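Residue numbering begins at 1 within each chain, and the chains themselves are lettered A, B and C in the order written.
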Amino acid sequence: MDTNQIKVMPSPSDLMPDDFRKIGTDEKEAEVIARESISAWRDAWQRLCANKMAMTALIILGIIVLAAIFGPVISEWVHGYNYYSNDLLNTNQPPSAEHWFGTDDLGRDMFVRTWRGAQISLIVGLAAACIDLLIGVIYGGTMGYFGGRVDEIMNKFSEILYSIPYLLVTILLLVVMEPSLGTIILALTITGWINMSWIVRGEIMQLKNREFVLASRSMGAGSGRLLFRHLLPNAVGPIIVTVTLSVPNAIFSEAFLSFLGLGVQAPIASLGSMINDALTGWLYYPWRMLFPAAVISLTMLCFNIFGDGLRDALDPKLKK
Amino acid sequence: MKKNKSLLLLLTLVLAVGTLLSACGSNNDKNSASNGGNNTSNSGTNSGEEKLAADQTLKINLSAEPPTFDPAQAQDSQANTVLKTMYEGLARMNDNGEPEPAAAEKWDVDGTKYTFHLRKDAKWSNGDPVTAKDFAFAWERVLSPNTDPAPPYAYQLYYIKNAQEYNEGKITDFNQVGVKVVDDYTLEVELVSPTPYFLGLTSFYTYYPVHQSVKDDAKWAVDASKMIVNGPFTLTNWTKGQTIEVTKNENYWGKDNIKLSKISMSLVNSGATELASYKNGELDRTGHPNGEVPTDQIPIVKQELKDEFKVKGIASTYYYQFNLTAKPFDNEKIRKAFAMTIDRQAIVDKVTLGGQLPAFGFVPPGIKGVNDEFRNEVKDDFFTENTEEAKKLLEEGMKEEGYTQLPEITLTYNSSEAHKKIALAVADMWKKNLGVDVKTENQEWGVFIENRQNLNYQVARAGWTADYNDPMTFLDMWTSNSGNNDIGLKDAEYDKLINEAKTTEDNAKRNENFKKAEEILVKDTMGIMPIYYYTNIALEKPYLKGVSLDFSGGIDYTRAYLLEH
Amino acid sequence: MVRYIANKFFYMLVSLFILISATFFLMKAIPGDPFTSEKKVPPAIQERLYEQYGLDKPVYQQYIKYLGDVVQGDFGISMKKINQDVSDIIGQTFSASLKLGLVAIVVAVIVGVLLGMVAALYHRKLIDNIAMVVAVLGIAVPSFVIASLLQYVFASKLHWLPTMGFKGPIYYVLPVAALTAQPIAFIARLTRSSMLEVLNADYIKTAKAKGLGWMAILFRHVIRNGIMPVVTYLGPMTANIVTGSVVIEQIFGIGGIGKQFVEAISTRDYPIIMGITIFYGILLMLARFITDIAYVFVDPRIKLSGKKEG
């Protein structure tokens, strides 16, 4: 959004890159600068390790991911349950040794379903975040690097896209297309990448007037080299942070879509659709809501805390 | 939202048309009905112990806002509920499902000719008398090809002579239509053919009179202050999307029979919220037909609120239909194998939980036959559940088609919590019993209907409710040229049976034909796979009395009253 | 300034045009139409309906006609809600959403900023930790879960508040609480971090060194600079609250515009879908526009220019 760009608007400078003329290429000089970022990375890592909250969040996230991958396997192996088989004689059973998280309204084991749901939610979250990252970096990088007319047009386009009510696009899209995991991810990314592109654009615009870039350019580095070797590596901090925060956003959005009946196709479940299924009877079968809600909340929490920690670590000045 | 939305859509369709009437109808009833001033047949008057509450405001919820209060345009169950309080047709249905005098105080029936004698004390809410002209005006308005927008339910009047021709523009003079205003208080109606349930039809909203002032005002039914009605209540407040309120009409001729002073309707489309609200005392009644008790909570409220929990069978069937033109269900044996291998009792006991009846036929109980209910005269024993037999049939069917493995099968249903549960349970039974993997796919309502009507599915969920109280309403939809035949059934024998039934006046033969037709549909071709007969599930406060529910689930609140509590 | 606004306005019109076009064709791509029903209407009646509503014409003609009508400010009448003006429907249902949304925004900003300020002023103290735990919970728990919990506790169990409806001030409490949980959390975190930054800034130290009173520093410098990011967040938040209240409206039985929109999509009520989309679009653009202007007033470093405003 506008304000993002306003914030990172380049400080006025009399020297524009165009004022310089290419003289010749000197690879060695260019590489000297790259070294600095290595120590910055190490520095960031140390700072992150020192942040106990962030590390705890990371560990819990790791556990959730492992459980999402192996939980269903273990349960299938120990009890022989899977996420879709009904057991109509054992519907809505509370947690027990047999069913660690109880059973749902069709007698399906909640342990398997919760972790299977976490799997789906994480896939949705990560896939959406990756696509956002890819499009956002390319689009934002182009805008920021070339600036001028290109930037103006591309930026307007993203602004227009951003002003289309998101819910509307999503609902229309999901109704038009066959509901599937892919469609949901697509629906989530259709406007999701814009924020990323703005952040990348802002960073690049700020960076491209910095001395080291000017130096590299004056020594004859090409656009591609400048962009990928100098600009993007230096913008990686905010990019990573944005990714960490967009994963939980996507998971949440999917949960909302489930609430509106536009989520994943049964019997596959996401955490969101499980909570939605449990919502009408949760007073009587609290475990059906509790476990998926706890996992989704914990995931959100950890992604947010970790994202914050990462931001602090990568940009010690910008303690937001 | 999902579940309520589509359920509501289902309900809407199911009930809307459904309420179309149960006329009881013995053919030989040529007598004129007795004077209807005494509406004491219903619970109106009761033993002296009952004490009425001082505040007679009934609070209910509609899970969707009626799109219109113009009787000519209405086509859903929510509108039906509200319109019934605001308008009165020539006849109205009493508690026993029999038509009793309403705007008409008596009528004479002579074959296809009906003469209605209107009540002279009936008034519009603005004081004008209700005359035969108002009825003729309203019906002409419904049928006229110039009415904008075209009333979708105009075909409910096609029973009247030349009505269809006039509606389709084939004749342009309304005087040729079988509706004649003899004088202000006498209306003559000529039908196309003997229709035993026609009296019942006159209580349906498409037949309601409208005040002639609406002619010049397209928006008359949009604004609460403009509506002129002839029923027991008038519309006094309509805040779009929030509330609808009707208040007792002091100009109503039978106002002494009306005890409620006001009906206040909220418009909330969440079953869970509605139930919580009911439990909190904010509503006097919840559940069908205007809302829904969430399936998850049924077993609990059945226990907790035993005295308030009401279940009533309605004439409506839940079934899965096979696309007879798509692989692999173009094979009869494969269809039978699938139909025979699900456990219907388990579905109603463990999945739907609402006391529904497992169905093995298509015509539901509650539909009249010759002397008794059709279902009692013709048992629904067209097939049995038998997994061993089913496996054999499947094997044979696959051999016939040359399959070593079945093609991929998708079961489609419209998005709704209830349909989803049933679909998952059925797919699981198919997998366990037949070893067949069936994909389940939910589709948004409009998409679903479009796909089904275009035969773009393999096996799909469906439900059907009676339009009128006769097996015909369930069976004539499967003839080759019926617009509602969306399974691709083309059976000359079936068409012949139905056509005969439509023309014959011999009731026994008619019944026999229905029996044979249903046999073709279910036993021989298994084009549809019945699952259960619907029930109407509701919670009603013990102090609410006099609410009447008809055979197909339509609800009438006009004679309700509240006891002290 | 005039040029800036004119420029913005021009782009808003372009955006709106693209929005209308995209939605129109997307909407037409959805299978089914307003007159699709399970029990089929006779073909003759169906055709007449198509004709009366202009659905018998090619899509591009319908599109051109619609554009023409909209330019004249005519949003048409609903195809399902017989003879009801789209603008009336939007007006009536939006009033509920707007009231709820405004209250929610005000509550979110006040509570969020206060929470964040307190946390920042008592940095690393117990209050700070408590405030941040609350904030983090608000972000972590889905709002429909919060809504259901609130409804159960305060309406069903304690009977303090009504379960559903929207008839008076008391009906606002639960929906507003559920609706603001997330924005409050977000605002509190924003405020806290930016205030911390400001508190450590050199000019505050200078002000302190000058001997300026603590209160004066707080109000003159810290708050003004500290809530800047909150202003940034106002635009998106307004949009989120106003458009995203569908779920909350449903749980608490409030007939808002969100419910109307979802309903219109499912009944294929084309004029209402378009009307609400345009309405939402304008709302969103205005919110962003106002945010930009507000930002200029709050942050003196930013100057308006028609060109590089991005």
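By definition in this document, contacts are C-beta pairs under 8 Å (C-beta built on N, C-alpha and C of every residue); 3 or more make two chains touch, one makes a residue touch a chain.
Note that this is a predicted model, so its numbers are computed, not measured.
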Relative to chain C, chain with the most remote C-alpha centre:
B
Of the chains shown, whose Cα centre falls closest to the middle of all protein Cα atoms?
C
For chain A paired with chain B, centre-to-centre distance based on mean C-alpha positions, whole Å:
49
What is the distance, in whole Å, between the centres of chain B and chain C, each centre taken as the mean of its C-alpha atoms?
40
How big is the gap, in whole Å, between where the Cα atoms of chain A centre and where those of chain C centre?
23
Multi-chain touching residues of chain A, meaning two or more other chains, are 175, 259-260, 276, 279
Give me the residue numbers in chain C that touch at least two other chains, ranges are fine.
30, 148, 152, 156, 246-247, 262
Hunt down the residues of chain B that sit against at least two other chains at once, touch-wise.
1, 5-6, 272, 444, 446-447
Contact footprint of chain C on chain B as seen in their complex:
1, 5-6, 9-10, 13, 17, 61, 64-65, 67-68, 70, 73, 75, 145, 148-155, 167-169, 218-219, 221-222, 239-243, 266-270, 272-274, 276-277, 279-280, 282, 444-447, 449-451, 453, 467, 483-484
Seen from chain C, its contact residues with chain B in the complex are 30-33, 35-45, 48-49, 52-53, 78, 80-84, 88-89, 92-93, 96, 148, 151-152, 155-156, 159, 162-167, 246-247, 250-256, 259-260, 262-263, 266-268
Counting only contacts in the complex, chain A reaches chain C at residues 1-7, 9, 151, 155-156, 159-160, 163-169, 171-173, 175-176, 252, 255-256, 259-260, 272, 275-276, 279, 282-283, 289, 293, 296-298, 300-301, 304-305, 319-320
The chain C residues in contact with chain A across the complex are 11, 14-15, 18-19, 22-23, 26-27, 29-30, 136-137, 139-142, 144-145, 148, 152, 156, 190, 193-194, 196-197, 229, 231-232, 235-236, 239, 243-244, 246-247, 258, 261-262, 265, 276-277, 280-281, 284-285, 288, 291-292, 295, 302, 308-310
Given the complex with chain A, which residues does chain B contribute to the contact?
1-3, 5-6, 271-272, 294-297, 300, 346, 350-351, 415-417, 420-421, 423-425, 427-429, 432, 440-444, 446-447
